[in-house]
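Each of the two complexes below includes chain A, the first together with chain B, the second together with chain C.
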Partner chain A sequence: MSSTGSSQEPGLNQEGAVTRFFRVTEINPRMLGMVAALILIWCIFDVWSGFINPNEGLFGGSFLTPRNLWTLLVQTSSIAVMSSGMVLLIVMRQLDLSVGSMLSLVAVASAVLQVYQLGPLLGVGHPLIWVAGVALCLALGTGIGAVNGALTAYAKIPAFIVTLGGLIAYKGIAFLLASGETVAPMDQTFEVFGGGVQQSWLGPFWSWTLALVVCAVIIGALINGRRQRTRFNFTLRPVWAEFLLGVVGSGVVLGITKVMNSYPWPPKLIENFAAANNVVIPAGIEDRDGSAICMAAEKFVRCTTGLIYYTGYSLPVLVALAVGLVMTFIATRTVFGRYVYATGGNPEAAELSGINTKWLTIKVFALMGTLVGISSVISSARLNAATNSLGLSNELYVIAATVIGGTSLAGGVGTIYGAMLGALIMQSIISGMSLLNLPAAYQDMVVGGVLVLAVWLDQIYSRRLK
Partner chain B sequence: MKNIIKTIALGALLATAIGGVAEAKGKTIAVSWKTFQEERWKGDEAAIKKVVEAAGDKFISTDAQGSAQKQAADIEGLIAQKPDVIMVVAFDSDAILPSIKKISDAGIKSIAYDVQFEDPNALYITFDNVGVGRIMAKEVLKVKDSGNFAFIKGDKGDPNATFLFQGQLEVLKAQMDAGKIKNVCETFTDGWKPDNAQKNMEQCLTSTNNKVDAVLSENDGMASGVVAALKAQGLAGSVPVSGQDGDLAAINRVALGTQTVSVWKNTDDLGKAAANAAIALADGTAVDKIPGVAKFNGGKKKVEMNAILLAPTPITKANIGDAIKAGHITKEQACAGVKDGVDACK
Partner chain C sequence: MAKKAVKRVAPKKIPTKPAAAKKSGAVAESHESPLAVKNRQDFEASAPLVEMRDISIAFGGIKAVDRASIELRPGEVVGVLGHNGAGKSTLIKILSGAYQRDAGSILINGKEVTINNPRDAKAYGIETIYQTLALADNVDAAANLYLGRELKTRFGTLDDAAMESETRKVMHRLNPNFRRFKEPVVKLSGGQRQSVAIARAIHFNARILIMDEPTAALGPQETAQVGDLIKQLKADGIGIFLISHDLHDVFHLADKIVVMKNGKVVGTARTTDVTNDEVLGMIIAGKCPKGAIPGPGAMRDAA
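After this line comes the complex of A and B, so read on.
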C-alpha cells in the first residue's frame, strides 16, 4: 500500500491483530462496542420475553420480531433527533436543560394553532393547517433556542442556569397556553409525521428503492474517498478493508430494510383498506396467529396466506435518519462544524484565532431549538394530542443518550451517530422492560445504571488508549 | 343544578341546606392550598370562597407552592390568625401530620380536602376514588364482559392510582375468578404521562399480538395515548377504553366512539360540599352529625376517619348531551368529527 502520508503510525511491530484491524479499517472500536451491547440487550430481552410469553421472535420471544423492532425505531426517533443537537452543544461545553419543556411549549402552541385557531377558521382538514403547524414548531423552536443562546453568549449567564430557568419557565408557559388541558386531535395530515397512520408508511417498494440508493451512495463514497486519498497521497485502506466496509455497510442497510418490510399492516387496517379500495379478499382457512386476512364462511378472518400489506419505513424514522445524516455532515464537513469542535476543544484558542464564538453559541443553540421543533412535530403527531407534560423529563433522556453515545462533558469530543445509537440503546431497555411487564421504577433504575456504566467503561477505554 | 350532576352524593345537597341556615356570622374559614400551578385549584377556591362569603363568614387562604416546608409554615401562620376551621390540601400526606396536630391542639377543626391525611380528628372530603375505579370497570363491562383486559395505571407514587385499581378489581373480581377475564398487561405510568401510556400500550399490544379486548386507563390523558396506540393497529373504536377527568378531548373521543367512558368529577361540587361542611363545623356541629358523613378507613394506615365521599358522574355516549347542557363543553367541541349515531350531536 501507500508508504507516504500520515506520520502518526504507531510502532507497527508491536500492535496486535485486533488493533491493526481497527486501524486499517478505520472503524471506531467504541462504536463497535455499542453495537455489540445493543445486540446483546436485544437478545437478552428476546430470550427473557420468550419465557413469559412465547412469540415469533428470533429466540422465541417478542422482542426480536419485525413488529417490535419497527415500533422501537418509531419510539426512539424523537429523542434521537434531539440528541443529535445536544452532541454539538456538549461538544462546545454548553448544555441545554430546557429541551423537554421547550418541546411541550412548542407542541402545545402548534396544537392550539391547529385545533383552536385554524381549525374553526379554515375548516378542519385544510392543507394550510398542517403546513402552519409544522412551520410554527420549527420557527418557535429555533427562536427559543436563539434566546437561550443569546443569554448564554452575550449576557454571559452560564448555559446551565439559562436553560434551567427555561426548564421551569417554558413548562409554565406551556401550561398557560392551553390552561393545562390536552389539546386534540391534531390535523389529519400533521398526524402522518407520527408514524401511526398508513399514509406515513413507505411500503416495501419504496423502502427497497431507498435502501438500494443508500447502498449505492455508500459504495460511491468509498470509491470516491479512495480516489481522493490517492490524489493527496494519503494512507489508503487495504483493498480487503474497503470491501469489508462496503459489504457490511450495505448488509446492515439491506438487513434493516428487510426487517422493516417484514412488519405487516395490522389486519384491521388491511380490512378497512380493502373495503375502501374495492380490493378482493381471497378465500382461505382461519389461523388466528396469521397476519394476513382472508374470507372464510363469508367472514373476514386472520390467515397465514391471504391479503397482506407491509409497512416498510415509517416517516418519523426517516426524518430521524435524515436529521442524523444532515447533522453528521454539518458536524464533520462544514466550517461551522469545525468551529464547534475547535471551540469545544479549547475555547480561548478558538476565540484568539478569530472564531466569533458568541455568534457561534447562538447558532448552535438555535440549531438545537430547530431540532426540538422537529421532535415536537413527531411526538405530538404520534400521540395525536399535545399536553404540557409531553416533553417532561425528555432533557434527561436526551442528555443521557448523548453521554451513553460517547460525547465527553469536557467538550471537544462526540459523534452524532454515537448519540443516536445511545438513544436506541436506552429506548431498547425501556421498551424491553415494559414488554416484560416490569414496573417503571425498575426501568428508571436500569437506565440510570446503564448511563453511569457507559461513562465508566468509556473512561477505562480512553485511559488504556493513552 | 343540571342533569349531569344529579348523581352527586346526597351529602353535597344536604350540606347546602345546612349552609343556608347557618346563623352565626363572622366565623373564619382558612384554606392551605398545596399549589396553584394546576389550574383546577383556582376553581376550587372560587367555589369555596363564594359559599363562605355568602354565609357572611371570612375566607383566608395560603399557597404552599408545592413545598411541604412552606405548607407547614403556612399552617402556623393560619393558626396565628385564629380561624374556626382550616382546610388543608396536603402536598405530602405524611409530612403534614405534625401541622394537623398543631391545628387540633389550638382547638381548631381541620378538613382534609381532596388529598387524604390520616388524622382521626380531621374530616376527609373527596370524590370516591375507589368508586371512580368501580364506575370505569362497570362501564367497560357493559361493552365487554370477558376476554383479555389491560390495566394502564397512573403514577406509582400517587395513592389514587391504587384506589382506582382497587375499585376496578372489585367489579371485575367475579369474572376474573371465573377465568373469563384475564389480566394481560398491568403497568404504572410515570407521571401519568400520555406518551408513556402510549408506549406501554404499544408494548402490551406487541406482547399479546393485539389480543387485547378492553383497556382500563385511569385517566383521560393516558386514554389519549392508549387510543393512539390502538388506532395504529386499527383497533380504536372496537376495544373499549376507560378514563376520568371529563377532559374536553376525551368527551370528543367518547362521542367518536374511541373511548367508552370518562368519569367526571365536578370540582365545583367538591368545593361547595367542603365549604358547607366547614361552616357547619365552625357553627359547632359535631363532625359525625354533618349530613353525608360516614366512617372511612381505606387509607394506607387504615386510620378510621369521618369522611364525605362524593359520587362522580360517568360521561358516556348516552349522556354527552348532559355535559353540553351543563356548559362543561360546547357542542362543537364535543361533536367535532362525529358522523352519526350520537343523539346529542344531531
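After this line comes the complex of A and C, so read on.
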C-alpha cells in the first residue's frame, strides 16, 4: 500500500496477477463483469438469431448489426435516464415506485398542452411548442417528485407507501387529463426528441467530431488525474495502466461511433430527402442479385448505394449519455452527491454531521422527478403519442436495471454507469428475444430471472470480497 | 449553612448565574484547605464555557433527563457517570443537537443559545464523538472527516485530493500507522474507526468536546493513547465532557465528576474531594457523600 519499494514486495508476492491488474488500473471488476455479460448476451443472440433468420450480423445473425444496435440504444435511453436517478434514491435507502405512472401523467399533460392548446394557438410546428412541451415535462416531473419527497421526509410516510400510492393515483390523473384517449400526434418539433426523424440524427461528421472530443476529454482527464496525484504525493498508476485506460476508453468511444455511423437512413426518407432537395438518385443500380428495380425496402437500400445517408448518434441516445455524465458528476463530485451516499451509509451519522437529511430527501426525489420528465419527453416523442399506459411497468424495469447495475437495496452503494449498463443489459434481453420471435411472456420470465440471478451473483461476489 | 445555600439553589433550579457560582465557591471554604480554596476560586472565576440549566426531556412518558444542570469550564474535564440508561448520553446529546430539550436552557460563555440541531452545536464549537462513532461506513476516512463541511474547489466541486491530503496529516498525528485512506471505513478495525471519529471532532478547532464512551471499543494501549490525547486537549484549553458508565475510565482523567441516576443528577464533585468508593455509592445507590454537591437525584437521607 505504501509507495516505498521495500514494503511493496511482500504484497506483490501475495496477490495474484488478476488482483494486481484491477488494483493498479483501478478498474472495478464488477463493471468489467457486467460488460462481459453484456457482450456474451449479444453474441448469444446474434448466433441464435442466425439460425432462424440469417442476416448481416457479426456471427451471421440479426442482433449484432448496426441497425439493431442503433435501435437498441434508442430503446434503452428512456429507462437508462430514469435508472440514473433511481440509483441515488436507492443509495439513500428510498425507493420510487411511481416513476412509470408519473411518466404517463407528465407525457399526457405535455401532449394535451401541445396538441389541444398550443397547436391551434401558435400553429403546428412553431418552435415555442417544443420548448413549452419540454419545460412542462421537466417542471411537472420535478414538482411531483418533490411532493413524493416531502411526504416521505416530513410526513414520515415510508417512501414505499407514498410512491405505491403515486403509482396508482398518477395513472388515474393521466387518464382523466386525456379523458382516456391517446393524444397524438405530438408536435413535429417535439418529435425530434424521439430519434425517429432525420432532424434528430447527428450525422457522421458531427458524430465523429463528438467522438474525437470525448476521446480528448478522456485523455485530458487521465493526464489531469495524474498531475493531481503527483501534487499531493499519492500513489500513481503505472504508465502502462494509464495508456491502457486511454486506449481502451478511446477505442470504445470510436467503436460505438463507427457502429452508429453505419446505420443508414430508411430508404423512404432518403427518397423524400432527395426529392425535396433535388438530389438525383442514381438510377438503374443493380443489387447483389442483379435485380435492377428497387422494390422492397431492404433491397432499395442497396439500390441507392450511390445515394446513402448515415444517421450517426440520435438525440435520445445523446440525451441519455449527457444525463449519465451529469448524474455521475453529481454523484461523485458534488457535496450533494456525497451527502446522498453518506446518508445511505448511515442516516444517523449524516444527521449528526449536520446534514439536513429531510431537505436532502426532497431534493433527491425532485431530481428523480426531473429525470422522469426527461424520459417522458423521449418516450412520448418516440411513440409520437401519449397515453395513460405509456409508462406502464417502467418503474419495475427502472428498479431492475438499477439493481442489476449493482446498486444495493440496503443503501449506500451504487453507481450511475452501473445502472445504465443494467438498463442496456435488460433492453438487450428484451429486444433480443423479440428478434427471436419469442412471445412477450417469455421475455418477462427471462428478465425477472436475470434480475434475481444478478443479485444472487452480486451477493456471492461481495461475500467473497470480505 | 454552606450546604443549605447550595441545597436551596439546586432544587429550585434557577440560580442567577455568576452570583450563584461565586457564592458556592465562597461557602465551600469551611471544610477545604486554603490552597484548595484558592484553586477553586481561581477556577470558578473563569466563566463557564457551557452551562446547561434544568434540562428536561421525555420520550413518551419516560423522563429520560429530569431537571439536570451541568457546567464545564475551559481546560476542564468533566466526567459524566451513571449506569446505562441513567440519562447521561441523552443529556449530552441535547448539547450536541441530536435531541431537543423539553425544558431548561443552555448557556455558552454566559449567553443563552438555541441549539436545535447538530449544525447549531458545531457553530458554537461543540464537537461530539458518539459512542456509536456515527461514521458513514460506505465512504472513506477523508469523506467522514469532512462530512458536513467538505472542502471545495474553486468550481464548487468536492476537493477530494485536498481533503485526503489534510486527512493524512491529521491521522498521522493521531495514529501514525493508519494507511487505509482509500477504503470505506467499514473495512477498518475498531481502533482505526475510533481515530477517524476523534480526528473529525478535533480537526475543526473544537472548544467543547463531548466524548461518549470513547474507550469502549478500544484495547489497553489505544485507551492510554486516548488518555494522552485528552490531557493534550485539556492543556489547549478545550473543555471536555467525558461520558462513561465505568468509573475507572474517567476518574484519573477528570477534574470533576457529575453522577446521574434515573435521569437526575445525584451530585457533582471534584475528583480530589471524593474517593472511588464514594463515587461508586453515588452511581449505584444515589448516595451523595460529604465532598460532593448534591443534586435533585440524591437520596434524601444522604443529603
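The definition used in the following text is that the second predicted complex is superposed on the first by the 436 of 466 C-alpha atoms of A that agree within 3 Å, B and C clash if a C-alpha of one lies under 4 Å from a C-alpha of the other, contacts with A are read in each partner's own complex, and residues count from 1 in each chain.
Simple rule for what comes next: a contact is a pair of C-beta atoms (placed from the backbone, for glycine too) under 8 Å apart; a residue touches a chain by one contact, two chains touch by 3 or more.
Predicted model, so just to flag it, every value in this text is computed and none were measured.
In the overlay built on the shared chain, the residue A:Gly345 is in contact with chain C alone; chain B does not reach it. When the shared chain is aligned, chain B comes close enough to touch A:Leu383, but chain C does not. Contacts of A:Ser353 after superposition: chain C is touched, whereas chain B is not reached. By the touch criterion defined above, A:Glu181 reaches chain B but does not reach chain C. Legend: residue contacts after superposition of the two complexes on their common chain; A:Arg231 is shown touching chain C, with no touch to chain B. In the overlay built on the shared chain, the residue A:Arg333 is in contact with chain C alone; chain B does not reach it. Between chain B and chain C, the partner in contact with more residues of chain A is B.
No residue of chain A is contacted both by chain B in one complex and by chain C in the other.
Residues 37-40, 156, 185-196, 198-200, 202-203, 206-210, 220-221, 224-225, 227-228, 231-235, 238, 247-250, 252, 332, 336-337 of chain B touch chain A in their complex. Listing the residues of chain C that touch chain A in their complex gives 96-98, 117-119, 122, 128, 130, 132-139, 143-144, 147-150, 152, 156-158, 161-162, 164-165, 179-180, 184. Put simply, chain A touches chain C in their complex at residues 1-2, 228-229, 231-234, 329, 332-335, 338, 341-346, 348-356, 412-413. Only residues 49, 52-53, 55, 62, 65, 67-68, 71, 75, 119-120, 124, 172, 175, 179-185, 194-197, 265-269, 271-272, 289, 379, 382-385, 387, 389-390, 392-393, 430-431, 434-435, 437, 439-441, 444 of chain A touch chain B when the two sit together in their complex.
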